[in-house]
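Let me begin by presenting the structure, written as structure tokens, before commenting on it.
Naming follows writing order (A, B, C and D), and every chain is counted from residue 1.
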Amino acid sequence: MMNTSTLIKIILGMSLAITQIATAAESEKTDSDRIAQYRDMISDGNPADFDEMNGAELWKTPAGPKHVTLEACDLGKGPGVVKGVYTELPRYFKDTDKVQDLESRLLTCMTTLQGIPEAEIVASPFSTEKKKSDISMLATYIVGQSKGMKMAVSVSHPKEKEAYEIGRRIFNYRAGPYDFACLTCHATSDVRIRMQDLPNLNKPKDAQAAYASWPAYRVSQGLTRTFQWRLNDCFRQQRFPEPKFASEVTVDLSMFLAVSANGAEYAGPGLKR
Amino acid sequence: MINMERRALLKTGGGIGLFALFSAVGLLKPGLAMADWNKSAFSAKNLDEALTAMGVNKPEVNDVFIQLTVPEIAENGAIVPVKVVSTYPNVERISILVEKNPNVLAANFIFPQGTEPMLTTRVKMGQTCSVIALVKADGKYYRSSKEVKVTAGGCGG
Amino acid sequence: MNAKWIIKFAIVLAISSLTITAQAGTDDAALDAKTTAIIKRDFHDRGIAKADRVNQDELQATCSKYIDNLPDPLKAKLEAAQTKTIKWPSDGKYMGDWKAGEKLAQSGRGMTWSDKPDEPAGGNCYNCHRLSSMEIAYGTIGPSLLNFGKLRGNSVEVQRYVDGRIYNAKALNARANMPRFGFMGILTEAQIKDLVALLLDPESPVNK
Amino acid sequence: MGNPMKIRAAVKEGVTEVKILMQHEMETGLRKDADGTLVPAWFITEVKAEHQGRTVMEAQFGQSISKNPYLLFRFKGGAEGEKIKISWVDTKGDTREDEVAIVV
């Protein structure tokens, strides 16, 4: 017959085993899991909401020398339509005979409709600590109107197809003192820079998750950042010179990335480290 | 309460102007707008100093009646989410402290009857260290702490 | 009309004529040429990052063209050319101070348009490599270098190998992602020595 | 006057959950701006939540609360359509007050 002390030993032994199993499970948790936990915990309460609110106000507030609103701006689905437009951008626009992304198109509307000089907007197109950018807040508002909708960027127009092809080439273009191209960091799966997992933008799943979460509020900067900013800062880190705001090089690269993300459910504005 | 009167005053335009003027000449410290905003606790430079300023003496460690949830790794120290749930009866106050921040005491939360003893907020962290939840229940103090690793994010440039 | 203006005009002309070609058929060469023309037009100087940084040298152009399919003979030719660029330390010494090396390895700064011209660049090592077991924020684009010296020793041959590898990583592998730190003037001779020490000194956290 | 907050109050099984996102720089007084000049301290010191005139939460903040402060809490009671009022005061004496109706 089992005496009490044996019984205690068995119970202790069992609980020790359970603890060991639990410890093993804990150690199997990777840093990526821990970062995922962090991201999940901060996902509620996105300060980008304030930029969306401000952008919505700017959209319907008369501005510029012509003192008109942007409500006649055609972002691809007709004047004033904002719902779902981001899922089809970049796209070809007949009036400018160009492929344009959201920010490039907003620039067109602000210059043509409102009469704001292009040089004025292009001189400081991104938000800073001291001053938030109107075009960034407008973009944040517009993308919010596509939340939950599927990305469906077309390459049916020859100029759209060409923009995609050129964008792909820009992605692979190595230059600068570091010999970097976009592909240096974004064409391999399951690698990270420092602690951040890098999306392999040649793989649909990664490309979708990455593209569909921009624009995003950057915790590290305390500002909401647009896709034009994302590309601008990638080129900075790539040790390239600065791409001109809303230039063809940025639009074509966006086209390549957007098409790679087709089918994704748009989830922006996001919230990132 | 002085607190409420001042608040009422602040809501009127004249009140704000007057207040701003007093602040500017240093006659009235902005902190005084809150009757019980404990300036010495909020300016404390280390944990002991903060606890002393709060009148807390060696709080009992309890990780069962205080559930403190923080991320193990924070991708950026500018936002570190903190969730505290306490199962003590009669929780009056929950404070959050960040061990190695220049200002250790991050916040006090005061719970009237009927408000559940839980909260979620976000703190800044200058470096890897412990986050401490300090709970006051039935006049006694209890604490629980967890380490958060703060990392250098991205390309670092 | 100044020279800069003429160049800009020529680029615009080239782009418009190329558009016609590209539309006529999806001619890869035409698209390549148009891509280059757009890149040369759409980047501008900012801070220390001048517009001419987009001009490719032979290695960059070849790697961009072939991406993952660089033919072996071409690869060997590029590597031979890169090997010739390596400048060995003038005093024949390879090892510097591992403590300075660790600081360099941690820094991700240098050569961007937001970096100041008089500030020395960082090594960016942890961005891509694991080096010390103490640092959890390390990248995995490059291989882990944990215990690098412990596994290989620190003979003069090993020191020379590491120095060359940092000076010009493309000498051993033209397709390497690693920048050519010495050849491109990113790091000084003394800084490279500090990194060699970080990898090989038995006291360095890499080998602890 | 401060910038508007985002508030959501939802009642479920007799408990109202309130989520607040405030717009505030929460300057520590220790940070330098791009030009290297010290940015003076400026942060929210007190937040108050009222339900139908009754205080349901009072919070005191220090410099270590993140920019754009976030707060979630729960209280017993609350019904659809009833009002939740949130107010804050900062170190400059600036204030903000916003009100929302409880949803289900």
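Everything below uses one rule, namely that contacts are C-beta pairs under 8 Å (C-beta built on N, C-alpha and C of every residue); 3 or more make two chains touch, one makes a residue touch a chain.
In this text the structure is predicted, and so the values were computed from the model without any measurement.
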Comparing the two chain pairs, does A-C have more C-beta contacts than B-C, or is it the other way round? A-C
Centroid distance [mean C-alpha coordinates] between subunit D and subunit C, Å: 48
Just curious, how far off is subunit C from subunit A if you go by their C-alpha centres, in Å? 27
Please compute the C-alpha centroid of subunit A, do the same for subunit B, then give the distance between them in whole Å. 33
Hunt down the residues of subunit B that sit against at least two other chains at once, touch-wise. 73, 78-79, 81, 122, 151-153, 155-157
Mark out which residues of subunit C touch at least two other chains, giving numbers and ranges. 108, 112, 114, 126-127, 136-137
Among the residues of subunit D, pick out those that touch two or more other chains and give their numbers. 67, 70, 72
Taking all chains into account, which pairs touch? A-B, A-C, A-D, B-C, B-D
Given the complex, residues on subunit A that touch subunit B span 31, 34-35, 37-39, 41-42, 45, 193-196, 219-220, 222, 236-237, 273
Quick check: in the complex, which residue numbers of subunit B touch subunit D? 7, 10-11, 16, 19-20, 23, 30-31, 33-34, 36-38, 42, 78-81, 98, 101-112, 114-116, 118-125
Listed in rising order, subunit D residues that touch subunit A in their complex are 3-4, 6, 19, 21, 23, 25, 33-34, 67-68, 70, 72
Given the complex, residues on subunit C that touch subunit B span 106-110, 112, 114-115, 122, 124, 126-127, 136-137
Can you list the subunit C residues touching subunit A in their complex? 19, 22-23, 26, 31-32, 34-35, 38-39, 41-46, 49-56, 59-61, 63-64, 67, 108, 111-114, 126-128, 136-141, 170, 177, 179-180, 184-186
